[in-house]
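Two complexes come next, and they have one chain in common, chain A, joined by chain B in the first and chain C in the second.
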Partner chain A sequence: MSVTTTRAGAQAPAAQAGSRRRRGSTARRPLTGVLFVAPTAVIVAGLFLVPLAILVYMSFMDWPLLGSPTANGIDNYRHLAHDSQFLGAITFTLLYTAITTVVLFAIAFVLVAISNSRRRGSRFYRTAFFLPYVVGTAAASTMWWVDVSDRLGVFNQGLQSAGLIHQPVGFLDTPGKALFTVVTLVVWKFVGFQVIVLLVGVQSIPGELYEAARVDGASSLQRLRYITVPGLKPTLALLTVLSVTGSLLAFDQFYVLTHGGPDNSTMTVVLALYNKAFQSFRLGDAAAEAVVLLVALIVLNVVQLRLLRRDRED
Partner chain B sequence: MNRALRGTAFHVASMVLAIAFLFPLLWALLNSLKTRAEANQQPPSWFPHSLSVANYRSLATFDQGIGTYLRNSVLLAALTVTGSVLVCVFGGYGFARFAFRGKTLLFGTTLGILMVPYATILLPLYIVLGHLGLQNSLIGLALVLVMFQLPFGIYLMRNSFEAVPRELEEAALVDGASSFGALRHVSLRIVLPGVVTVALFSFLTSWNEYLAPLIFLNDGSKYTLPVMLVNIRYSSYNIIDFGALQAGMVVAMVPCLLVYLALQRFYVSGLVTGALRG
Partner chain C sequence: MATSSRRRGGTGVAAVAALALILAACGSGGSTTTASGNPDDGTQLTMWVRSATDQFSQRLVDAYNQSHKNHVALTIIPNDNYLTKVGTAAGSRSLPDVLASDVVYTPNYTKQGLFQDISAEVKALPTYGSIAKSHLDVASYQGKIYAVPHKLDSSVLFYNKDLFQKAGLDPNKPPANFAEILADARKITALGNGVTGFDLAGSCGGCGVYTLFPYAWAAGEQVLSADGKKVEIDTPAFKAVFSLYKQLTDEKLVDSSDKAQDGSTWPANFEAGKVGMLPLGSPIVGDLLKQTKFQWGVTSLMSPDGAHTSTFIGGDVAGIAATSKHKAQAWDFLKWTLGDTAQVEIIAKNGDLPGRTDLSGNKYTAADPRTKLIADGLANGHTPFALPFGDLFNNPNGPWVATIRAALYGSDIGKALSDGQAKIQAGLDAAA
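Here is the complex of A and B:
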């Protein structure tokens, strides 16, 4: 069979027209193609498009968990405008997203510098930074909850042994400390992913560019400014989209570590949505919240993709 | 001299960071091997005075027993991985090799799943699964997780198949093989790295997923490991057993770490071809 390929390859320029006709031969059996994509189509229709339609429909209904739903127009959306918990959750989620994104990038750059080094051992360091990423968020959050415990958490123990604190700190006791603790967890768990993606980006910049710059006498700072940063732009944009989207949808870490407390100060949008649906059983209101979140994220993604595309055309 | 000094500084700084990242994982492992009393002692001891598997034993009797949760997690992962691989291989092949009406629309809609935050459609999915009789079922949960794997998996498999020369299959077709036969005997071998990547990603997602099982499963005997873990943490009616909790964490984390370490190169290549070319 490989003989056939080689021959076909050798005749490729002459057989351009022929190969187009052959392409036609598969295209002439559209039914086979449809059969291959049928499972995809069924799943996309049944588990994505239908639920999406139901979500929008639900958001215009008074929908208790038991009993029959009744239409109530845009009441659910009106409730949202006066729902202080939801509004508070939006503010907090935005704050959390801003902090997380900035801190993640700052630390990722340091770790990329280490991982990208030609020195021996950098592969080991890279793996060490990445391993937390493959651990589940629920397991990692549980772990953090144990480690920050003021009774037998290792973080307090370590700080005390080092003489930095004298009394154990309640890492989840105040809104500020709770947020700080969640951010440390998120950095530990997710920064490795950023590092790997940035590495792929850095390594895709052609080495000749650096060579040429060095010949022209550019300093390492200039090389960073004029070669690395512009070359990384698409990667940075992609990571920003992923980090912002991920943070806006944060749930596990808050559900496990803070449960939204103290005093609802760390209530995220998805956590508020979850509570509304599965604790208060107001599914219609929850659906309206989901629709608002959905529209916000689609707008955000479209804007980001536009910027990405424009960058690529430059 | 100066150079050697810089090398040492590099390694010292890097080592400190690497240890900071690995420490929480090792600490959980270390604690899980302490005796029950030592694991719950305050302040904690740095090193176990004696090694013990008592914490793993006490997991055996937590609620339904760790065996049940482990089995559920394995079953869910097996269903999700098998489902994602089958659907993505067939779908990717169909998109790469055939022309049919609605192809662009279907492909675009599949990628559109990425745009929709997953937490927002869990609510109506709960209702859809109810109508299908798949609420509180690992099969229903696996279907949902497969759906969320589709954008990445279909995109990756389509790219992989497109990179396979058509002539290879044409030869098999001439020899009388069916389209399915050509896929199975010829192209599938070449795109195997892509298949492994899809399998790896869906394994990690299904093994670690927390919110979806929390919502879709309401029967303790169906719970998966992450749900069990958080339940131990919230078992407020009695005092939390930190030893058992950390043993549970180790059971939940070790399979992911091992699978990742074994298949590392597929993870990165999957990122490069699948996620970053978008």
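Here is the complex of A and C:
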């Protein structure tokens, strides 16, 4: 391969100008292309493909954190089917994903409506909505953890001094309250991103369409139904993919805020996987869980991207 | 919605696991280069401890660095991440020179050969016979000694004498049995103003081991068998313990935040003078001695009827990692920590327990009847052992935390205990 390319290059000057260009480009392009792609390819191979291969290899081993691993076939995958913690985590993660996705969109729409106006101050709102997004999830979760504390937290003290409650709420005491607390954190932290992306989508719809619709006597509801929503479709699809994938991989906020509690009620798949590896030290089982999660995410993303593409074609 | 920061959690796990895999292939075992002559030759040493011993370890390291040419660089790692960090570092042969370990986890490390054999060095010490036996036992494996006591602690019941007095109780008469704990807690809670009679950690497995096991030991129960293969918690003593704690909870004699207390802020309310009685351990004595807000006393953890007392002897041991190339220098540090100066002038002076029995009557510990009571109590103490101890008892998602919560906040203590025993036993069986 390299020999022929070099020779093609060496012969090139003797050939006619037109054919030189053609031959040179067809012959050189593979090598040049390979060179351009090489750094990324090395990074992807080193940081993704090789670890992925190791992960798959690990998933067929009994692998303690300390000590030497032994092969155990598909035992790890068989364990998964009977692992109530993992199965419970799947159910909870799906529930959490559904709730956050819906709530995030609902609130984002309201905030977009507020900050899309040309009134003075809308820029301030945009910035304010986006600011929490800059905070790291773990840092935000730690902040929330202090804020919701019965003893130290501003939320309880605020509600108490406002006379709304007499006893501290105990924001993490029951499964329902713990989930609620995490969802509020996630909404506060991520809604800004959603709003910005939606705003870009809304503002990229040509104004003439609205003018024309108004001239034709379309009501504001009709303008929303026939111009805004179709125009936003790609944006909505993108945000759904990001939101669903992100929620399915939720870890930091649960690890910091609830530790999967109370009573393992807020255990997400990634948290279960982490526990399997670093509380129980069963790296093989954890690897099997990671492989299952990876396959599920690939399938889900393929399906979602198909839908996204079909939307575009429409 | 941003996925990047969340996704990082997942891939981080995979990456760490992968790293462990790549490097575990190197195997274990290490070489030791013994410097000729004086081991205090200006070597840079590294040491890891968990955050539970941070200030304690820092004081020792600072004093050693000031008086020696060698320099120990201390890294403090959060309690929850310690095993993970050690496990991955062991795989990648990047352990520090000196590695400390919670006594309950130590058997995992000695069994896997993470430490160098220091039997000869330890036995050559003139004070060998008086080094805390509970710690040397857990640090020994197949007749060899791999670590020495780093920190010794012991669980007891603290009480706020000022609140006792205000509630009309005798400040020099701490509760002697469960009935008195309940009665005293009621009177103290009645003071109002955010004061609670008792304080318990409702979501903390380690706290439960540390402060609940001693009640059962005092009642003559074993809880965990000596070989760590059988557990007994569906017993009369534990029923009495959880009945008391449930009653304290139901009557609101504990703070509402106790239900979610994961141990991280457990002593805060007591140290703020807002709690009548707090079962915890000698590590907070240093802080209590420094504060001047209130007078405090201490008593042993007792059996439900008050006939006997017991304590959990916890703490940490420190050994030389198998991969360390500075064995002589690391031992120089460890030997120094066991010496009279470090034990008395640094450890005991701060209110902590010395790691040598011949020093239990030192001027600082003996001068205060409270620290003396704690030191004397070690005679009735136990250190439980089980290989999957962390996974079953300390793990916030493990069966022991679930048992505590089901017993305290559920409706049926008997069922909670029998379920818990079955689950913990299943975990022990699986690890055998």
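Quick notes on this structure:
The rule is short, and it goes like this: the second predicted complex is superposed on the first by the 276 of 314 C-alpha atoms of A that agree within 3 Å, B and C clash if a C-alpha of one lies under 4 Å from a C-alpha of the other, contacts with A are read in each partner's own complex, and residues count from 1 in each chain.
The criterion applied here is as follows: a contact is a pair of C-beta atoms (placed from the backbone, for glycine too) under 8 Å apart; a residue touches a chain by one contact, two chains touch by 3 or more.
Nothing here was measured: the structure is a model prediction, and the numbers come from that model.
When the shared chain is aligned, chain B comes close enough to touch A:Gly33, but chain C does not. Using the contact criterion defined above for the overlaid structures, shared-chain residue A:Leu239 touches chain C, although it does not reach chain B.
Measured by the number of chain A residues touched, the leading partner among chain B and chain C is B. Of the two partner chains placed by superposition, only chain C is touched by A:Asn264; chain B is not.
When the two structures are aligned on the shared chain, A:Ser247 is found in touch with chain C, with no touch to chain B. Legend: residue contacts after superposition of the two complexes on their common chain; A:Ala288 is shown touching neither chain B nor chain C. Of the two partner chains, neither chain B nor chain C is touched by A:Leu179.
After overlaying the two complexes on the shared chain, residue contacts for A:Ala41 are found with chain B alone; chain C is out of touch.
In the superposed pair of complexes, A:Ala89 makes contact with neither chain B nor chain C.
With both structures placed on the common chain, the touch criterion links A:Val112 to neither chain B nor chain C.
Across the two superposed structures, the residue set of chain A contacted by chain B and also by chain C is 47, 50-52, 54-55, 58, 136-138, 149, 151-152, 245, 249, 251-252, 255, 270, 273-274, 277-278, 283, 286-287, 290, 293. Across the interface of their complex, chain A is touched by residues 1-3, 5-7, 9-10, 13-18, 20-22, 24, 81, 83-84, 87-88, 90-91, 108-109, 112, 114, 203, 255-257, 259-260, 262, 265, 268-269, 388, 390-391, 395-398, 401-402, 405-406 of chain C.
Chain A contributes residues 1, 4-5, 8-9, 19, 22-23, 26-27, 29-37, 39-41, 43-44, 46-52, 54-55, 58, 110-111, 114, 117, 119, 121-122, 124-125, 127-129, 131-132, 134-139, 142-147, 149, 151-154, 156-157, 160, 188, 192, 196-197, 200-201, 235, 238, 245, 248-249, 251-252, 255-256, 270, 273-274, 277-278, 283, 286-287, 290-291, 293-294, 297-298, 301 to its touches with chain B in the complex.
Partner chain C is touched in their complex by these residues of chain A: 47, 50-52, 54-55, 57-58, 63, 65-69, 85, 100-101, 104, 133, 136-138, 149-152, 167-168, 170, 172-173, 190, 193-194, 239, 242-243, 245-247, 249-252, 255, 259-264, 267, 270, 273-275, 277-281, 283, 286-287, 290, 293.
By the touch criterion stated above, chain B contacts chain A in their complex at residues 7, 10-11, 13-15, 17-19, 21-22, 24-25, 27-28, 40-44, 86-87, 90-91, 93-95, 97-101, 103, 106, 109-110, 112-113, 115-121, 123-125, 127-128, 143-144, 146-147, 150, 154, 165-168, 170-172, 179, 186, 204, 207-211, 215, 225-227, 229-230, 233, 242, 245-246, 249, 252-253, 256-257, 259-261, 264, 268, 271-272, 275-276, 278.
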